[in-house]
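The next part holds the structures, each set out as structure tokens.
Look for chain A in each of the two complexes below; its partner is chain B in the first and chain C in the second.
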Partner chain A sequence: MAASLPQLDVAKMQMVQDLEIEMMSDMYNRMTAACHKKCIPPKYKDAELVKGESVCLDRCVAKYLDIHERVGRKLTQMSLQDEEAVKKLQGEMPKM
Partner chain B sequence: MEESKIDSSVGFSPKEMDSLMKYFVGNNCKYREQIIIPRTVGPIHIKSIDEKRVEAVFESCAFKSLVASVMGYGLGAALGLFSASVSPNITAPDAPQQTAREIFRDLKFSTLSYAKNFALVGLMFSAVECTIESYRGKGDWKNGTYAGGITGGLIGLRAGLKPGIVGALGFAAFSTAIDYYMRH
Partner chain C sequence: MDALRNFKDFLLVFNTMSETCFTRCVNTFQTRELTEDEDRCVELCSNKNIRVNHKVMSVYMEVQPLIVQKRIEEMEKLNPPATENVPESVETSNYTQPDNITPSDSKDETQDTSSQPQP
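Presenting the complex of A and B:
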């Protein structure tokens, strides 16, 4: 399910774009490091990717992106729950 | 408790943060025209979709087995021709001498027979090896050994169980030796 951005002004959009670039490049770096470590054995006999290695890389990238999305969704869910809990506490506090 | 003032010119409210997170991490499937790749050493070449399709065909298991079977056909033809031309034709002493046509026919049969066998073996071995490699996801020496074992076993099983096992072991050893020779 695609999420759309809320309406933001120029300064905030700038920040959003910076954040997005930073996030994407960080994810790319981590993904290449992890999949390289998993799929490509350290002894190189050939400069080209063998078929087995390229199959492994395809699977690694697919899994990584899937997990990335799921963990992100779970995180937003948890942060929403946290926020509601905090609001509830704030609502109760003035009574005390 | 006083509500902490969020400086709206600098930060995001929690609600905005939530929708931002969903936007960043969610599976948006956006078609990005400019993909930002971190700078590494050397030029970065992003392959077009056509290039990828062509490469997918040329690296597929089917194409590789086809190429292997064609090469096997050629090798088998050469070997068959050679072996037929050096093998003696024993005929009865009072039979008429063989004409050139008969000799050529003999050569042709031998060539075709060898070629077909080699093509079949090459096709089977290459297909099995490619499938095993795709399944395992690794490209080490064991693929050749397993593929040789299966191919030798299939060929030998035509003659019975024991020849099947012997064929499997022999072909696996042969395949391992050839791989070792090719890589070192």
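Presenting the complex of A and C:
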């Protein structure tokens, strides 16, 4: 995803990496919250993880990461399309 | 710096979209794989959310300047411009550079003209 940005110097590259790590951490938090809401019922009968809850969490995380990857692919595909459209417009502008 | 902010916004949209589509589309946990229905739902969800983002952005860019303009006009009414000798048509053009006009400047000029009550 960072490859889509223009040439950056070392300092900015570092900022981009920090940003990616921060966003990854944000994604992790959202995933935890979402799977907690989906898999753990609000009434707490037992402190231990029941097998059903454990399996649910396992699959929940797998599905979330799968969806995250698909959405990412779609967004980068869309932004590339937008970039090409903008470049086309800019290419046509000087002719006018 | 601008590109970095755009990148950050993009990543935030990305994360929010993943969370929303997951929460709304995935309701079964029988397998680690996504079912066909969930797959289709996620596809539709992401497309729709992208369009929502574009629409919101376009309307925002259209409406926000109008609101800012209204705010400026209200502020102008509350703090009348310092140059009272200048005709009104020129006064409005002064406010294209609001940074040059400071409250202290306006008070200094009003002291010269008449004994107006200071706020």
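FYI, the second predicted complex is superposed on the first by the 87 of 96 C-alpha atoms of A that agree within 3 Å, B and C clash if a C-alpha of one lies under 4 Å from a C-alpha of the other, contacts with A are read in each partner's own complex, and residues count from 1 in each chain.
To be clear about the criterion, contacts are C-beta pairs under 8 Å (C-beta built on N, C-alpha and C of every residue); 3 or more make two chains touch, one makes a residue touch a chain.
Not measured: the values here are computed from a predicted model.
Enquirer: Contact-wise, after the overlay, does A:30 reach chain B, chain C, both or neither (first, second, both, neither)?
Expert: second
Enquirer: Applying the touch criterion given at the start, work out whether A:90 contacts chain B, chain C, both or neither, answering first, second, both or neither.
Expert: First partner only.
Enquirer: A:67 in the overlay: touching chain B, chain C, both, or neither? Say first, second, both or neither.
Expert: Second partner only.
Enquirer: Where does A:51 make contact in the superposed view: on chain B (first), on chain C (second), on both, or on neither?
Expert: A:51 sits against chain B, while chain C stays out of touch.
Enquirer: Check the residue A:18 against both partner chains and state whether it touches chain B (first), chain C (second), both, or neither.
Expert: neither
Enquirer: Which partner chains sit in contact with A:59 here, chain B, chain C, both or neither? Use first/second/both/neither.
Expert: Once the two structures are laid over each other on A, A:59 reaches both partners.
Enquirer: Which of the two partners, first being chain B and second being chain C, lies in contact with A:79: first, second, both, or neither?
Expert: The answer is both, since A:79 touches chain B and chain C.
Enquirer: For the three-chain arrangement built by superposition, which of chain B and chain C touches the greater number of chain A residues?
Expert: B
Enquirer: Quick check for you: in the superposed arrangement, does A:41 touch first (chain B), second (chain C), both or neither?
Expert: first
Enquirer: Let me check the overlay on chain A: which residues of chain A are in contact with chain B and also with chain C?
Expert: After superposing on chain A, chain A residues 1, 5-6, 12, 15-16, 19-20, 23, 39, 55-56, 59, 68, 71-72, 75, 79 contact both chain B and chain C.
Enquirer: In their complex, what parts of chain A are in touch with chain B?
Expert: Answer in residue numbers: 1-6, 8, 11-12, 15-16, 19-21, 23-25, 28-29, 39, 41, 45, 50-56, 59, 65, 68-69, 71-73, 75-76, 79-80, 83, 90, 93-94.
Enquirer: What does chain B use to touch chain A in their complex?
Expert: Touching chain A: residues 1, 9, 12, 14-29, 36-38, 59, 130, 133-134, 136-140, 143, 183 of chain B.
Enquirer: Tell me, which parts of chain A touch chain C in their complex?
Expert: Contact set of chain A toward chain C: 1, 5-6, 12, 15-16, 19-20, 23, 26-27, 30-31, 34, 37-39, 55-56, 58-60, 62-64, 66-68, 70-72, 74-75, 78-79.
Enquirer: Can you list the residues on chain C that touch chain A in the complex?
Expert: Touching chain A from chain C are residues 3-4, 7-8, 10-15, 17-19, 21-23, 25-27, 29-34, 38, 42-43, 46-47, 50.
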